[in-house]
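Following this line, the structures themselves.
Shared chain: chain A. Partners: chain B in the first complex, chain C in the second.
Now for the complex of A and B:
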């Protein structure tokens, strides 16, 4: 199944259409997943503006940023991890653990910046634990990160218990920091978390699509053995990607703590599946090796605006769940449906051809 | 002759080690029980043993279905949502249609089968990765559940007592719930060892390409595995209702990860091809025993999850170590026999 998809790049069609330079015909390069996402995004925006009168308010952009920003940030390292054929289900628990770490230290009178530093360090250590188990011991990442998902969330619970920080008698978090959940960036409607996402997305996009590092990730995802023989340090790369994922998730934890101006141990529970859904809907293959940061950014925009529109239209959270699930199914059925049609067509053509004697 | 005999011998050694997996789990469970009982004698009260078994039963039941799917190198993340939906539908039927008790189970299973057919169809016919499909279905079914439930809660007075009896009545101190699940595990365990169709599942999981060349109907078998997993999740929904005697839209949330954890601890390889349903059921029992033991040892409940996670990691790592050793043993045995 995988190999069939992998051996059907558009390259052979360039040969078939007689283009010696190997360039793809224009319609091929337009028929990309990202093009479909742009169409969907435009459709969602038009639909939302027609249906919800408040959607066209400038402040909508700010609220989308506040609601989606921290999830979107975690989708970036997740993209890298999935590109190499692995998965990190512990991201949301790491977000909770980092937030709880900040809360715990603040509760014990630490300086806020020191608390941030420790939380980020926790992210690095947690990511390294995933990385060691996956890359060094060769354990399946889906099993490992379900384990660390449970463990990180458990540690967060150990730190805070049933407390919500700031609890009674605590100081509030510094107001100029928690304001990122209230005020947009001066002169725009962009929330700080969205700005951070955009900046990070540019960096991640450049790394993935322009640098040897990114090519190495693609190579690992497509064919780990071959990548190894080509001199790519597969395990080292995977290790550092898990560390990166832990670090960024911890950062998202700090962000969400500040945005909400409070933290309890269960913050962001279950968010890992949303992050995975965003990445997959963005066209990143679960088998690795295929996908673009542009696709993930478009996916974030679609999911973010759709959710906002549904909230504005008072659509229940349950129906939002259905929408998320359907999007996810569409993202895999549409490309594979085309492949299924191709299979059927090839079969019919073979049948139509006269049999050799 | 001797070569064949020798190979038989080595493979039986390997088999013994693999089989020791279940033995190891039983020993671990016994160890946890003994250590905890030393600290707190109340741990083996009949009451808490009942709790232990009932608590593990649902996860074990879902673990059986999950095992069928996982050995084919697939995964079913939708089981928790299916359980929740099925439990509510059954409760709803009891409340508004006053259906007979037996049909409660039938309806639960039917709901599960419907979900399993949908999962299986999309995965096999459209040839889409099951992780993505069942993740999508997790959301969709949970959403449908919420829409159907619409904020209602089915209260205990609407559930027939002969139905909830399954949840609280016992036979020789063993809850009926656990007995039902044990029967399912026994049947599935026998089938997985002895039936051709179920051996095909292992073949598909260990090497899909080879299985296809061997003439196995991969898509058909995988489809069946998803349907059975759905059916068991649906049955689990009915049993969930019998155990908790009330249901809203939150039944079974997060079960999928507990089920996969139990399956993995039970020795089912997440990349398919090996593992038993008995192992999965014991995995569920072990995880639940540990949880209860932490409670009984008066370790702060806040530690439960952290320890459960660490144990899960230990189990996976131990598995890997074990399989490396088995491979090594087999390789050295083969090397020795080439010398002859």
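Now for the complex of A and C:
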């Protein structure tokens, strides 16, 4: 929890007026959300182990990693973007575009590493496009990224059309690379994509919670105007966060292409909502300025375990969607509900005070 | 839910017996510790005899497509007759990623067979291969997977791919006097089955020099998307005479549109693959003259019988045969395009004369 402490000094602003009376330090309310997530996670694990005879099979860990690893990776830059009060809905389409780029170049005989490099470059360019439109032209990110969501997917369809790569006559992708989709890291049940997520989560956590960069993101999310006056280059920060989001999404596109040993233009369609759900359920405020990487990691573990257990129990897919939707609602209602309650209480108290005078 | 859990437990001995039978000789997986420690049992079933207590996972493209729901029901009927059971599992979206967890669940539950309609020709191959290595038999239906020999699988072809493509063109040609601009309203651009039918449609169109294919659009088997690409077609090609929609979602959306736009319906003739239950109204009020389809329930039923036969020891090789219950036919596996398949039968044409005879 020391990491949350680090965000405290910068969070000193009007938004936190609840703290003026010394009652509700920000870190404590955050700690409660994460504690809540730990309880939920333990609950899900116990429930799943009791209900599903196969949940305790060691391979479950591997499958959760394979299924959620690449989505979870995209949740990290999304956390940064949401922290600054913006959103990037184009991540899944960028995943599809990057995967399609790899497929297209492979289809045309390129070296696999060169294809990866181009795909990552596409991610940077696409992210920069979002960044320019949001940071430079001041357009709302939700509108901009809905636009690029459609555009990136459209470009992917232009690249591959009805082809699935490798198509007839193509070489298969190198098997030692595609094995990440079927083999775990030797000696463990951890999938490669999950390992990458863990490593990236540590890096993102350090950046967010102990560096000036992270404090700047929090400040922007809480009070963009105040952050600007405090000397933080708000627009530049937002621009680079969108670039980062594009790059990491492209990387996730490469991962999923390798895991499935193939790619078609529609890979990952609709995944952006899962990414946003993971981030919000992890306790990151949709209004910015509040949230931890730890919360997002816990959220990934909960969502991944829950999905696996529901499939094992053969709960129908539409009901699984309802569960995801409920999680999302809880994550929006509970923190805001708590804040509303606090406001109501403060209001009543203020009203109560003058009366004796 | 608990019933399913208990059922899986009782299944483990049966699956273990199959594993012990040597199918898994090459398995070096770390994830199957439970299956290896089974008592040695004889897995030898006499050819033709179907084991009882089989569990078959049906993994449709998604859980809502009415056509595949019928196929799943057919499979359930087949396994019920054979003393086994079907678990239907899939996602709500037509993507390979949505089907992946269902394959994993089948592996973990030590299912005897997987019957799958692939959302992608090759993205599922690695997982299916893992399943096959653990002794699970793979059967594909509706939309085939192209995995080469890893894993080997049997494809249940609803009807000869070529026959479907050519017959739809013939059906339309008859209705528009073999001339005019036509278009195709398909499912997803990556859908395996639609694409191979379209290939044969194009070949068949060479026989009708006055019919010109002007566009192929993709509605992603989603009514809203299908409607918007349909409107694009209608406004983009004012001289369009005919539309072929080789997907149930596409044709019903288009029929609904034509039904409410009689001016457009006057000049455009619609045909393709549809469900009698969804199309009955439009056939009766004359919006659509005829369309075709095979019986999806029979398709799932046959897939169920095939899966049970394979799981009971019928070899996966050319010339191997299996029975098909109430279809009253012995099917023989045939090698073609590098894979084994059987063909259900020719598609049925539905029009005013017979639409009421079919209740699916």
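By definition in this document, the second predicted complex is superposed on the first by the 307 of 357 C-alpha atoms of A that agree within 3 Å, B and C clash if a C-alpha of one lies under 4 Å from a C-alpha of the other, contacts with A are read in each partner's own complex, and residues count from 1 in each chain.
Keep this in mind: contacts are C-beta pairs under 8 Å (C-beta built on N, C-alpha and C of every residue); 3 or more make two chains touch, one makes a residue touch a chain.
Owing to the predicted nature of the structure, the values given are computational and were not obtained by experimental measurement.
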With the two complexes overlaid on their shared chain, look at chain A and say whether chain B and chain C clash or fit. clash
Between chain B and chain C, whom does A:60 touch in the aligned arrangement: first, second, both, or neither? second
If we overlay the two complexes on their shared chain A, which of chain B and chain C does A:164 touch? Say first, second, both or neither. second
For A:352 in the superposed arrangement: first (chain B), second (chain C), both or neither? neither
For A:181, select first, second, both or neither according to whether it touches chain B, chain C, the two together, or no partner. second
Looking at the overlay, does A:52 come into contact with chain B only (first), chain C only (second), both, or neither? second
Output check: A:317 vs chain B and chain C. Expected answer is one of first, second, both, neither. What do you get? both
On the A-aligned overlay, A:146 touches which partner chain: chain B = first, chain C = second, or both, or neither? first
Given the touch rule stated above, what does A:270 touch, chain B (first), chain C (second), both, or neither? both
Of the listed chain C stretches (21-29, 129-137, 201-209 or 255-263), the one clashing with chain B is 255-263
Shared chain A footprint, chain B vs chain C, residue numbers 157, 161, 270, 316-318, 320-321
Hey, which residues of chain A end up touching chain C in the complex? 51-54, 57-60, 62-63, 66-67, 157, 160-164, 166, 178, 181-182, 184, 189, 256, 259-271, 307-308, 311-318, 320-321
Which residues of chain A touch chain B in their complex? 1, 87, 133, 137-140, 142-144, 146-155, 157-158, 161, 270, 273, 276-277, 280, 286-287, 316-329, 331-333, 336-337, 339-340
Per the contact definition, I'd like the list of chain C residues that touch chain A in the complex. 1, 4-5, 8-9, 30-34, 62-64, 87-93, 95-98, 100-102, 104-105, 107-109, 120-127, 129-130, 188-191, 195
In the complex, chain B residues that touch chain A: 75, 122, 125-129, 131-133, 135-147, 208, 249, 254, 257, 260-261, 264, 270-271, 300, 302-310, 312-313, 316-317, 320
